[in-house]
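Next, two complexes with subunit A in common: one pairs it with subunit B, the other with subunit C.
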Partner chain A sequence: MDWQRIIINALEASVGLQAVVFALAAIGLNVHFGYTGLLNFGQSGFLAVAAYGLAVTVATFDLPFWLGIVFGLLGAVVLALLLGIPTLRLRADYLAIVTIAAAEIIRLTVRSVTFEGTFGGSDGRQGFAGGFYDLNPYPKRQYNIGEFGFNERQMWILTVGWVLVALSCLIVFLLMRSPWGRVLKAIREDEDAVRSLGKNVYSYKMQSLIIGGVLGSLGGFVYALGQASIQPDIFGTDTTFFAYTILILGGAARVASPVVGAIVFWMLLSLTDNVLNEAIDAGYISSSVINNTQVGQFRFMLVGLLLMLLMIFRPQGIFGDRREIALDAR
Partner chain B sequence: MHKRLALFLAVLFSTLAAVLGVGAGTAQAEGETVFGFLFQRKGTERVAYEGVTVAVKGPKGFTGKATSDAKGRWEVPLPGPGRYTVELDTKTLPKGVTLTDETKKSLKVEVLEGQTKPVLFPLGKSTRQVESKWSQAAQLTAEGLRFGLIIALAALGLSLIFGTTGLTNFAHGELVTLGALLTWWLSTGVVPFFPDFGGLQFFPAAAIALIVCGLFGWANDAGLWRPLRRRGTGLIAAMIVSIGMSIFLRYFYLYLFGGSTRQYPDYRGATGIDIGPISLAAVDYWSMAVAVVVLGAVIYALVNTRIGKATRAVSDNPALAAASGIDVDRVIRVVWVSGAMLAGLAGVLLGLAQGVNFQIGFQILLLIFAAVTLGGLGTAYGALVGSIVVGMFISVSTLWIPVELKNVGALGILIVILLVRPQGILGRAQRVG
Partner chain C sequence: MPADQTEAAAEGHTATASRPDAGSRRGRRDAAALALKDVPHEPGAPKPDPILVADGIKRQFGGLTAVDVDHVELQRGAITALIGPNGAGKTTFFNLLTGFDQPNSGIWSFNGRSLSGVAAHRVARLGMVRTFQLTKALSKLTVIENMRLGATGQRGENVFRALFRSVWGAQEREITTRADDLLERFKLDAKRQDFAGSLSGGQRKLLEMARALMVGPEMVMLDEPMAGVNPALTQSLLGHVKDLREDGMTVLFVEHDMDMVRDISDWVIVMAQGKVIAEGPPDSVMGDQRVIDAYLGSHHDAVLTEEEEQEVLAKAEEALERERAENEETAQ
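Let's turn to the complex of A and B:
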């Protein structure tokens, strides 16, 4: 077993593209679920709208890159409005079901044969990231410390990604210590009390849904640009629940917890993947029990188990405060 | 003498070369090819069409052409695996012969390494096109009813569990899948962990599968949800636990069952039985009958039996029910066992209708939610009505919208219903808000 390789892979995964994408998605969810108590189960829909907004604008309609970003962001805002208007007046579990349904509607629509000309069907879209990599300031070479490192394209997307993560955290931090943020937290604790103080709860919830959705949609851009291609099935419900696992792992209602959660989560997944693969190759685990293609399935089983155990035994995660988490339906 | 030797050698070499050449030819034929037969069934006879041209386009500018032989067979050797477009030249078809679906004259195929890929162009008038819109609608309504009844089985269980415990169980789809997988395993005899099981007939296999599903439901309650209720775990926390469980079970099934869709061994390729404009397989008729009988029995039990009345009392107000001497934990246990068995039955029937895979339950989970929400969360009859509506809607809507978007329509309706009548068709307004 090549432990050095395993550890380097884990370190690369902890700062890699997936960690950035899911940190952004979880920051958005933190605004929804952590601070406002909104149970948004359709975060993957926000990522999909942003990624497809960019990809379709550039690849299908041949418009400039920045316009793609604008359309992606607008798409996220519109989606938040569409989701929020019917459901924010309803009980928490209704919002959950509607948001998960909306995310699936988006995924099924973009992967359908009917709209293949626009969205590219199940193959998705590629060839839209050129405008982004033209701006790359890193000269073409490997950037390594020992074995650990990235090439110039990865360096560029990761730099942009982590800057976005930092900015998002700053925005959330500033928002949540403002009076506006305190109203959100009050809504999470007792909606009726806030309403009786004359605040428009519906409007606050809607603003929270939009801000969290837009922050999450940044993850969609980063994913699309980092992979330079998108497929509809990466925006399935599992993506949303990975983001929830990350948020709960870090601890909801804390500014930095989605980031820490994402780093720890992807490091753990990379470790288990690599250790299992190496153990199978080295013959420590019989391939009749588990083979290399099944390692990916094992990873999902692990995520499911992690989510269950966290929620049962430590719903506050690493950093959170148990009293601050909206766990009771209203 | 020398001349003879030279001639002999020349013949030998040319034979060798010819053999090698043929060999090379065969080697190429063993590479990737697309082929097909152009024919039409007329009664029991098969009429083949000769001299029809098929053109193939592929990556890197590859083009190939073939003409069908006397048996209607055509074949185009390919340079390698990849995505190819196969187009039938409709002008070369004999007079009066047309494609069943005129829009399908150009097909996209994915050819894998070493694959001999069959590509079929169905010829002749479609039976569909002959049908009027009305008979089509009748057929789709029947199919929708079948699907709606299957959803209803699962939705009833979900609704009862939600009503009595308040849990929105995202792992309910995995109970559905369990029924289908167990039936497949038991009827083929390929049971994980028990390699020497030996296959069973379909009915005993399904019966055992349902019993195991019931036990699994009991284990769910006794091992997980009851302890969580005791600890006072919030409803949202419980919902997220059920999501974790759904992910875990789904990929555990994938690990055990693999990613492919398979049929029950006893029910491969059944023929249709026509009743008026409706043509369904015999197995469809009796699976609908089974669903109706079971649903009727559950409704009867809910209305008339002691435990059914107790269940409705607990749904209404658990504290009051407990105070009037109802053993709430026992009721919930019964609900979990019967809910899991109903879900398992839905899985068995769904497997009959569309084949078994590791996520058949998960794929209909949102439709089950839609059905339950449509009818009104937590009301048993509402779940029934909602399911039939969802099933019919999904099926009949394919008259106007593309098949792959049929679930989009159903989920869209779910959102619209919540906008207009959030308590659902049969729900009470006070449940919401």
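Let's turn to the complex of A and C:
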């Protein structure tokens, strides 16, 4: 088995495109769920709106790249308003139902044959990332330390991606240490108590939904630009649940936890994937037990198992405070 | 005697320099008593200076009429107790007045401003702040953060200004000072950095009341503030409630313990089955036949004052005596 290759792959996965995208998605969810207690099960919808906002503006309507970003961001804000206005006055579970449904509606709309001319059906859209790579300051070559490294396009998107992650974390940090963040955390604990103290709970929940949605939508941009193409099925419900997994893995309501969660999550997926494949190739695991094509699914089972163990032995996640979890039992 | 107890408690409690002395506390109580002197002892009696006026408030849950209050007024600057048997509709009435629930019909106003259809958070901002019967401590916030949350008009609660500590830092320090003062008054200063969820039930009651005061209300509505608080602490809590009156606040509170009601309230409103059935100063209300009837069974002896108990006893003895005499007569 080629352990060097396995480790390099794992390292590349831990800083790679998926890690960035899911870190951003989970940072947004952290604002929703971790801090405000909003059950948003449609985070993939925010990523989709941003990605398609950009792709359609540029590829379909031939408008400039920056306008695509603007439309994508506007799309995320509008989606948050549409989701929030009818549900945020109601009990928490209504938001959960509406968000999961809305995300699916978005996915099915953009993949529908009816709108194929606009959204590209199940093939999605490509040819919209040129404007972004025109701005690439990295000269064309391979950027390597030993075997670990990326080409100039990957370097550019990863640089932008990680800067966005850092900025998002900074914003969340600044907001959550402020009185504004205190209101959100209080809403998570008990809405009525916050209301009785004269705070407009509805407005704060809406602000939280918008900010978390916009932060998540950055993940949609990064994904679209990194792949230089998008397909509707990337934005299915499993995207949302990966983001939840990452958030809980890191520990909800901690600024850095979505980032560390994303890094650990994608590193683990890469490790299990590579180790199993290598083991099968080397004959350590008989292909009658499991073959290479099954590994892709099987690694999620392993990750699921790992998460279960984590919840049992460290329910607060990597960064959480055990004392807080103990309070729930009172 | 109740009156002596009040004074003793007042003098015993007034330790902090910022509190008015016992004399002036009695002054406020006397002022409230004077203002209410000529108010008739009947349901819906008009008050000389009402802060809250409610008319025809009705709330039904399916077939059950939980609240059906014709007319009620609360005197400004007084401590009014709202009593009544379990399920009388006291909490529901609280919810309606504070915008946490909407009545089927009725209008009510606070400081002359109509509150019909006004959202709960606006009611609080207008100066009417309530606490909950089932305490709502914000578990995963520390005690001091719970307190800070109560302050109104915080610059840092705006999402854009929140980003810059320089904008809200100074105000935060002021708020913290105020919060620490209150925590000290409520004997929670040692718990300052603990999660509110780790407090005991009684401590949570104290925290909730202190937090409500952070809002700077004109009127506080306390739903069973003494429930589950130990007797020693109850005394100091009673002192705090009296202090609120001294600070010019109006207090409406729900309480089942009649000794406490008698001790601190200037006026008592009695609810039963959703209706206001009696009103008056504590001693007169507790002797009211309608009130005794409403409570009969569970709280019968609690509503009687000592003299009335004597009276009832004397009457019973008299009746027994008469009966015995009659029996003797018939036997002859």
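Just so it is clear, the second predicted complex is superposed on the first by the 307 of 330 C-alpha atoms of A that agree within 3 Å, B and C clash if a C-alpha of one lies under 4 Å from a C-alpha of the other, contacts with A are read in each partner's own complex, and residues count from 1 in each chain.
We take it that a contact is a pair of C-beta atoms (placed from the backbone, for glycine too) under 8 Å apart; a residue touches a chain by one contact, two chains touch by 3 or more.
What you see is a predicted model; the values in this text were computed from it and never measured.
Student: Pick one for A:112: touches subunit B only (first), subunit C only (second), both, or neither.
Tutor: first
Student: Quick one: is A:102 in contact with subunit B, with subunit C, with both, or with neither? Answer first, second, both or neither.
Tutor: In the superposition, A:102 touches subunit B alone.
Student: In the superposed arrangement, does A:195 touch subunit B (first), subunit C (second), both or neither?
Tutor: After superposition on chain A, A:195 lies in contact with subunit C alone.
Student: Looking at A:67 after the superposition, I want to know if it touches subunit B, subunit C, both of them or none. Which is it: first, second, both, neither?
Tutor: Neither partner.
Student: In the overlay, answer first, second, both or neither for which of subunit B and subunit C A:315 touches.
Tutor: Only subunit B is touched by A:315; subunit C is not.
Student: Between subunit B (first) and subunit C (second), which does A:271 come into contact with in this model arrangement: first, second, both, or neither?
Tutor: Touch partners of A:271: none, neither subunit B nor subunit C.
Student: Give one of first, second, both or neither to describe whether A:228 is in contact with subunit B, with subunit C, with both, or with none.
Tutor: Neither partner.
Student: Have a look at where A:11 lands relative to subunit B and subunit C in the superposition and call it first, second, both or neither.
Tutor: In the superposed model, A:11 contacts neither subunit B nor subunit C.
Student: Compare subunit B and subunit C by how many residues of subunit A each one touches, and report the one with more.
Tutor: Looking at subunit A, the partner in contact with more of its residues is B.
Student: Between subunit B and subunit C, which residues of subunit A are contacted by each of them?
Tutor: Correct list for subunit A: 327-328.
Student: In their shared complex, at which residues does subunit A touch subunit C?
Tutor: Touch list, subunit A to subunit C: 171, 174-175, 177-183, 185-186, 188-190, 192-201, 207, 211, 323-324, 327-328, 330.
Student: Subunit B touches which residues of subunit A in the complex?
Tutor: Going through subunit A, the ones touching subunit B are 39, 85-87, 89-94, 96-98, 100-102, 104-105, 108-109, 112-114, 238, 241, 244-245, 248, 290, 294, 297-298, 300-301, 303-312, 315, 326-329.
Student: Could you pull out which subunit B residues touch subunit A in their complex?
Tutor: 166, 168, 228, 233-237, 239-241, 243-252, 254-255, 366, 369-370, 373, 377, 402, 404-405, 407-408, 411-412, 414-416, 418-419, 422, 432-433
Student: In the complex, go through subunit C and note every residue touching subunit A.
Tutor: Against subunit A, the touching part of subunit C is residues 98, 100, 119-122, 124-125, 129-132, 136-141, 145-146, 148-150, 152, 154-159, 162-165, 168, 172, 195, 197-198, 208, 211-212, 214-215.
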